[in-house]
Structure formats: C-alpha cells, structure tokens
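Following are the structures in question.
Shared chain: subunit A. Partners: subunit B in the first complex, subunit C in the second.
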Partner chain A sequence: MNDDKSKMIGLQSIEFIKPPYIIAEGSIVGKKEGEGPLGLYFDKIEEDSFLGKGTWEEAESELMRQAVKIVMEKSGLKKEDVRYLIGGDLLSQLIATSFGIEEFDIPLFGIYGACSTMGEAISIGAILVEGGFADKVLAITSSHYASAEKQFRFPLNYANQRPSCASWTVTGSGAVIISKDKPESNEEVKIIIRGITTGKVVDYGIKDAMNMGAAMAPAAYETIYQNFKDFAIEPDYYDKIITGDLGAVGKDILNDLLKEKGYDASEQLMDCGVEIYNAEQQDTHAGGSGCGCSAATFSSYIIKQLKDQSWKRVLFVPTGALLSPVSFNIGNAVPGIAHAVMVESVE
Partner chain B sequence: MASKAVKKIVNEKDKNIRKELYNKYVKEITPKHNWLLNLLKAFLIGGLISLLGQIFINIYLALGADMELAATYNSLSLILLSVVLTGLGIYPKLAKFGGAGCVVPITGFANSVAAPAIEYKKEGQIFGIGCKIFTISGPVILYGIFSSWLLGLIYYIYEFMIKK
Partner chain C sequence: MNDDKSKMIGLQSIEFIKPPYIIAEGSIVGKKEGEGPLGLYFDKIEEDSFLGKGTWEEAESELMRQAVKIVMEKSGLKKEDVRYLIGGDLLSQLIATSFGIEEFDIPLFGIYGACSTMGEAISIGAILVEGGFADKVLAITSSHYASAEKQFRFPLNYANQRPSCASWTVTGSGAVIISKDKPESNEEVKIIIRGITTGKVVDYGIKDAMNMGAAMAPAAYETIYQNFKDFAIEPDYYDKIITGDLGAVGKDILNDLLKEKGYDASEQLMDCGVEIYNAEQQDTHAGGSGCGCSAATFSSYIIKQLKDQSWKRVLFVPTGALLSPVSFNIGNAVPGIAHAVMVESVE
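Moving on, here comes the complex of A and B:
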C-alpha cells in the first residue's frame, strides 16, 4: 500500500484520504470588532483593549490564552488530550504565542506566516492528524491593533494620517481543534478539511507597506489558481472563496487577476478583512488585517455558515504580507504568501 | 483599461517587467486622497494652532513680558498643550483631520516626542524611554542641528572672509 504518494495532488496540494475533522472553534475579539457586522458570531468580546494587562504585548498573549480556554471548553477536551498546539502571531519572536499558551503545557510548534498564519497552522495541523502523528491538534493565531502598530508603524498616539488603502489590524484571536475522529456530539453536520494548497512567496514588487492588499493579492491569486489546477475544479466547486485580509483594494485586484486566467470567481470571492468591519462607519479604510482577522472570522462566522450548511464548500485562504520594519528600511518590496484550506460540511 | 493591464501582467514572464506593470496598475486602481481638501484642512488646523500661539503671545505681553520672553513662553505653552493632548489621545485625532497642519507646528514636534515616551515607558526608563523617545523626532533633531551648523559655517565664511 502506498498511501503517501496518492495524497499529493498537482503541484502544491494535498488531498486527504481520511479528511480530518474540525471539532471545535473558539474566538475572542476586541470592542471595535465586536461592534462590527460579525459581532454576533464571536464567542467573546473584550471591552478592555489591555485585557487587564499592563502592556499591549501581554494583552495579545491574553487574547490567545482566552481563545485556547474557549475552544477547550467547547470541545470538552482536557489539555492532555491535545497532542500539539500550532500557533503564531505578528510580534517579533512570536512572543504573543509563547507567553499566551505557556500555562497549558501542550507541545508547541510556533510558526510565522504573517497574516496567513492561520492557514499555515490549519494546514500543518491537518497534515499531522491525517498522517497519524497526532490525534488532536489545536491551531491558533492572534493579532492586536496596538501591538502591531507599535511593532510595524508608529506609537499609538503619534499624529499621522493613514492612506485610504491602509488596513486596520484586528484585535482578536481564533482557535480550532483538528481531530482524527468525529466530534462526540450528536450534531449531524461535520466540518472536514478536504485538502490544502500551500502558497509560495510571491513578489510583484509593491513597495508601499501601507498598501498591503495590493502586495498580497498576487499571492492569493497564485494559490487559488493552483488550487483550481491541482484539483481540476472550477470556482463554482466552492460556495465561497474567502481570503484573509486583502481588503477592498486587494479583493478587486484578485478578482481581476483570476478573471484574466479564465476563472470568474466574483460570485464566490469574499474577504474576512472586508466583512469584519463596517469600513464607512468604523473608519477602517480598506478593511481589517492581521493574523487575528482571518482566524477570528474563520472560527466564528465561517464555521457557523458551514454548520448551518448555508455554505457547503469553502476555500479559506489567509493572506500574509512578508515584511518587517527592517526589510522595508533596506529597500525590499513587500512579498505576499497565501495558504488555502478546503473546508467542507458533510452529513 | 484595467483588464488590458491585467492581461499583460498575468502573461508577462519577465519578473522585473511584471513588477513594473503591476505597480502601474495598482497605482491606477488604488483610491487617492483629495489633495485640495487635505490642503485646506491642513491650512485650517495649522492656522488655528498659529492663532492660538498669537493669543498666548498677546496674553504674555499683556502680563508684562517683552517680545522675546513672550515668544519663549508661547512655545512652552504650545508644547505643554500638545503633550497633554497626546496623552489624552486627542492630538492624533486632530492630526487625522488636519494632517500636516498638525505635524509642522511645534505641537507636532512635541507630539512626536511624547507619543514614543508614552508607548515605550513600559520597557523601562533606560531601554524604553531613554533609547526610544527620539525614534521619530531623532532625524529632525540631528539634521536640524547639522543644518544650523552648516549655515553657521557659511555665514562665518561670508562674514569674515569674503565681506572683508
């Protein structure tokens, strides 16, 4: 028997033979996200932007800690049941993750994929579970508006103007538990991970770090295009193709690029960054961004739609901009990366 | 128009040409600021800050200070006001509306010093405030001092060598 080979499909994809289940999801967001259009779907909305901590970094760790607690409670699992925790965030050396999950005593794979991290975490989690290396894996990411501003831009109270294409980092965290076995509850609908398409680093030469949607759109385009090719499917295979944080500008570019390659996905395309805020009323310009944007939207709104079977097949494509303040200062462009996860609801 | 540009981008094999084409296309479709409106807003807010400065000067003059002293007190007053408004989170809101009108006056400079001081306070007196307080205003201070030195040198050469 040669199962291993048959799981690889096309150039960059995996089709799971025994698709892993997503058995629980948990989300926590800040006040602004709670006031947005998806407010009703999140498990917890935190009014205090410091979450009772003294610093922004610790506040972000607290977001993660609470997201883990929520998802563990919802799944009814004990921490010994979870084999690995796969997580990452935007702060240098992943300090939000390491300090946030420390107390749970679960083996950790810390990963960095900028804002695409949730796609990367779910992908690796699914591989571990389906490959028989773990029975339950927790995938988690977070971001915090203030810690991201401090790390990548300016101190919070510095007086500057944001361009209209700029995005707003989501304060939030989302976590899911990926399992070899079906959920124990009697729910008829189960969420499975059918396959993944892993993205490459894609650089179309955008140097404006404030226009991250444009920097990441080519990465999303290449990954989604490859997913169609590898699985020999058309956009209408999916009910929704949901990118992470392209925002209004990036979403239009992605649509244009796909159309030019003969894939009209305008019906299916959706972006977590566009959905999570009401851009006009909440003054968020192009939309939400950050690891927490796609993670919190996925582990609330998207899973809910799948459970209700409003959507049956979703391609979840978190997008990341691979820049650092140093890469920007030494004159590098802003490359993007996007990881696609095929999530489906089955009865 | 846009679709023609996109066609070229997706079919371009040379990565450098593709970068160029893509940047051009992105520039076209990215929404732009209204220059004139921003200019007017900056003019309004910058003007109001200057008006406030004049009011301060007049008050200090009325209190019996001479012009030089009144001007110094005015600067100090504006700095104090800006630092307080920065701490309260009001100055960035003002700047969101006023843009350069908030950055150019002395209040903007004060903001650029106060904001990092507040943000990095938690990283300690030395490595936090000490090292980071001038992260934004540092270039202004360095090149400000350097250009005054340069101008002084030019003035010196003119005054004592050429004029003689």
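Moving on, here comes the complex of A and C:
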C-alpha cells in the first residue's frame, strides 16, 4: 500500500487503494419478476404481493427485512458484525427503509438518489470500509410496484393506460455485504469494488414523468463518460456497462449520446430494466424500474456472472429520476442522477 | 499519525485520526427566525417567505441555493474546489435539495434522516475528508415552514389548532465546508470534527405525530449515551450537548432518560429548537423543528460560540422523527434517529 497515492481520480472518481470485497448478496422479488428471464437467479420469489402485510408500504418494508435476513444468513454474519447499514427507497421520507430495517439495530445512513440509490449505497459503503471506518457494512434498497404507483402516479384501481415509454416498477429488494477482508470461504474468485464515479444532478429539461428513461439517460451518459475520462479507459475496459432502469427507450438514447462523444459502447451496454422482464410477454412496456430493479438484479444475476467469470469487469450504473408528485405538479422538469460502481472479479 | 490506530471506537463511533476542519459556515433564515433570539447570528434574513418564487417548494430550494452561495463566498472557494455535496431535506424525494443545488454542478450524495439530516451530512462529509476521498466537501440541509406543513400536516389555509407540544418548522438553511486543511486565514482558533456517533432507528411506539419531541427524545438519548460509553467520557467532557429540535417537551424527556442511566447532563443540554424562537412571544409552542433548525443554528450561533471559545467542546446531535403522512395514516409509530458530531475549538 502506498499512502501517498491519491484515492481521488480525475474530477468525480475514486480509485480504492485497498479495494473492498463484496462477500455476500441477497435478493427477493415478487411473482412477476420471478416469472421473468432472471427468475432463476433470485434467492427468493414471493407469491403474495402484500407479503402477509396489510398495506403496500408495509409489504415493501417486509421485502427489505427479508433481503437483510437472506444476506446475513448467506454471509454467516451476526448483526453486531455489521457496523453500518446504508439504504434507501422511493417512498416519501424513506419509510420502507426505516420500518424495514429497524429490528436489526444497526447504525443507519439513510440515503436517497431515486432509482440510483443502490449505486450510492454501495459507493458510501465502499468508502466506509476502505477508509477504515468499518470492517463490514450492508448496502440495500427496495421498491414495490404498488407502493410506487400509489406514491408517484395513479392508484392501481384507476386502471389508467400506460404509454409505451412507461416503465414497470420492480417489486424487489437487493442487499450486499461489503467487507474489508476476503470472504472466509475458499472460493478462488473474489468480487471487488475497484472504484466509483459519483454523479451530479443533470437536468436536460425533460418534463414527461411517464418517460423516465429519457430523463435519466443524460445523467447515465455524463457519469459513464466521466468514468472513461477519469480512469483514461475505453468502453472495452468493461465486459458490461449496466445501467439501472433506463429501459429500452433510455438505453438507446444513452448509446447515441456516448457515440456522439466518440465512444461506441454498443457491445457493453446492458440495462437491468430491460433484462428483468420479457417486455412483450409480460406487458411491461419500456422495462423495469425502481430502486429494487437494479438492486435485485445486481445482487443476483450480475454477481453470479462475475463469480463465474463470464464477466470480469462491470460498470454498474444505477440511474435515478429526481422527481416527486409535487415537483411534477408544479411544472418542474425531471432531472436525473447516476452513480457508477466499478465491480471486478479477481482470482 | 499512527496508521495502526483504529478509527472505530466502541460500538457506534468514529474518532478521526486527522480531524477535519470546518472552514466556513453559512446560514439563511426566514423573517420569524430573524426576529428570534438568534437573529443577530444568521448571515441572511429573508423577509419574503416565497423568496421571490411561485411555490413553497421552490422557495425552499432557493434557501438552499442561497446558503450554498453564502458559504462558498465566505470560504473563497470555487465550485470546482468542492468535491462532494452531501445534503437532504424533509420534502418527499428530496426535491428541495435536487432543485436547490443542481446549478452548482457538484457530485451529490443525497441523504435523508428527517431532522437529523445535518448530523448525517456532517458525518459523511467528515468521513469523505478524513478518509482521503476529498479535500473539501459541502454539507447542507434546509426546511421551510410552509412546505413542511403542506407535506406533513395540514395546508396552512385550514388554520387548524396546534397542541402545545407541537413544534414550528424553521424556515432556513445552513451549510458548512469541511476541509482536510486548516482555513487559510490566520485565525488562531480552528473548528475541528473530533468524532461522530451514528444513530440507529429507535422506536418506543410513540404514535402522536404532533408530539415529535417525545418521539425523538429516546433516539437522542441512545446516541448520546452511546457517545459517552464509546469514548469513556462524562457529560462534563462537553461544554454543551446540543440536540436538534426536541423542543421543550423532548428536552425534558431526554434529561430524565440520561439521569436514569446515572448521567446528569442538565448543565450541558441545549436544544436548537428551544433556542431559535422566543416561544412565548412568538407563539411557537414547543419550539422550532425541521432540518433547517439545527443546520441554521449550527452554521451561525454554535460555530460563533466555538470560534469565540465561549464553548470549547460541543456534541451536536440533530434528531429526526421518521414518519411520513402515509406511515402515520396507516397507523405506524413514529421512530426516531439521532446522529452526533463532536465539534471542538482548538488553537
């Protein structure tokens, strides 16, 4: 270790001198996500959309509670081994998180970055571990189709029509344990967090809350572009560059924006929102969205590919649309934000 | 510097080996706060409750925008000198923050801890600086009386009656610059962040959203108690232990809870919500509340006392009530959280 080497890279990035490990991952999703193309990868598929609770909000808290339990059990850790929990969700005042995690009695940094929240959670988690502030932390987010529709759009009972650019909020939660030390198992392949690129609020003046892919694509573009510049790399440094929930529409816009800057990432680009559903068969239009979309996909399918070394280097870029029903109703635009995490598989 | 020394202290605390400096502070408040006992300490008092905007939410964003401008101007920094902005507010999906800070083009970690948010912002800011991830960061929060009433309680036009335990949301914003290096001025007294104690979600089952002091007092108690234990200190280590917005009711409960554990902190306890208004003359009942209450008080009056060395050691403990209108309406309790920051004046 060279103490003189700066961790600060370029304008917006950090390179971890002692890269933290992701030693466990846990995921839970709803029935629809379980029936999608990634169904086999999730730890748990919950058939009851209320998860035995009386309200959608309590159901979402239960998703988080179960994701914590799964990842703790898989890691073999006790709650006192985890020094911080970093988490958030889409509901006003983060109630899914507050009520979902309170029984675990772990110091909490509540965060909000809309659907980019898992990128922010892993970023802050890695900072805490690499900086010597914690040996192990837990990063988590969730979303629920019904609580999000109630929060942001229309109550389900209105049965309003959805435009083809609209996305479908994923019912799910994903959690990872970030650790200073390698996992205790004898697995040869380890997953490390090499670095991060932290996003800014990016506002291109998009005003259509039903087309969040278009609102978030510029933010994803700016963060990915900055990652290339800060680390002086080309798209093919990565096996995959995986955005959170741009959906089919936003993914095309992102590809075009990068091409305009001379970066052809067509081979690398992938989007959790596109992967998680079979859009035609499942009638999900532009794809999945919500904090739980990227979190559950990362904590299952993406980690699995890295463990198998099908991919060795992934840029994970959850993307958030910074709107609220109030900001939309008073006529504000929908700015975006995207936080990138460089995840690698090493032997 | 001894690299072998752990920064992790006890169960929930961090002691900074190289304590970061607070090199500048900025505050802006509304007319009512300007007329209160701390009026002389704020950088700016805004007479127009709309701050020239068309909605309460945009007015709150404007408070943040101005607080950033004040602290940047006082510090002499340019926006490219600030590597991260850590901030949040009480509005759903943090819209005051997203729209308030977007023009500054600084990487953002959006956070939410209800009215404890300034404690969380300074904590994460100090971690980023001390861990070598940034040379300078900006921590900020805001609240606005009218946007908060609209969000959490009743539209002002309903003119509903307020019980005497109810608090009054502060219109204001406070911001500080946290730096690796000392301020460039030749001032002999420097303000440092010695350590932090990060809170957990604490739920005593309080269900009265009009009595947030009682809901938050147990969280303040648990964080302060843990701070004493982790650092093996007594209340008189501090000149002041300053909670965020417990108000008169919550402050008494906190004092009693500490006494039950054998700690008499009667001399040290102070509450931003109690200090910011003259409750009798200003009809503010239990006192001020909101993210802006502790942030504006810290970024003005508290820093001034430390600079003058009237106080040398302060435990700043913003306190948050983790409720939303939805969680309240579905019958959930109001859990609390409190994040403590050890701020000291050194020569």
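Definition applied: the second predicted complex is superposed on the first by the 342 of 347 C-alpha atoms of A that agree within 3 Å, B and C clash if a C-alpha of one lies under 4 Å from a C-alpha of the other, contacts with A are read in each partner's own complex, and residues count from 1 in each chain.
The rule is simple: a contact is a pair of C-beta atoms (placed from the backbone, for glycine too) under 8 Å apart; a residue touches a chain by one contact, two chains touch by 3 or more.
Since this is a predicted model, take the numbers as computed values, not measurements.
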{"item": "Touching partner for A:278 - first (subunit B), second (subunit C), both, neither", "value": "neither"}
{"item": "First, second, both or neither for A:214, with subunit B first and subunit C second", "value": "first"}
{"item": "Touching partner for A:185 - first (subunit B), second (subunit C), both, neither", "value": "neither"}
{"item": "Broader residue contact with subunit A after superposition on the shared chain, subunit B or subunit C", "value": "C"}
{"item": "Partner chain(s) touched by A:55 [first = subunit B, second = subunit C, both, neither]", "value": "both"}
{"item": "First (subunit B), second (subunit C), both or neither touched by A:131", "value": "second"}
{"item": "Touched partner set for A:266, first subunit B, second subunit C, both or neither", "value": "neither"}
{"item": "Partner chain in contact with A:8 - subunit B first, subunit C second, else both or neither", "value": "second"}
{"item": "Contacts on subunit A seen with subunit B and repeated with subunit C across the two complexes", "value": "54-55, 203"}
{"item": "Complex contacts: residues of subunit A adjacent to subunit B", "value": "54-55, 150, 154-165, 203-207, 211, 214, 218, 249, 252-253, 256-257, 259-261, 333"}
{"item": "Residues on subunit B engaged by subunit A in the complex (per definition of touch)", "value": "2-3, 6-7, 9-10, 15-16, 18-20, 22-23, 25-26, 29-33, 86-87, 89, 91-92, 94-96, 99, 102-103, 108, 111-112, 114-116, 118-120, 122, 136"}
{"item": "Residues on subunit C engaged by subunit A in the complex (per definition of touch)", "value": "3, 6-8, 11-12, 14, 54-55, 57-58, 80, 83-84, 88, 90-95, 98-99, 101-102, 105-114, 120, 123-124, 127-128, 130-135, 151, 198-201, 203, 322-327, 330, 332, 335, 337"}
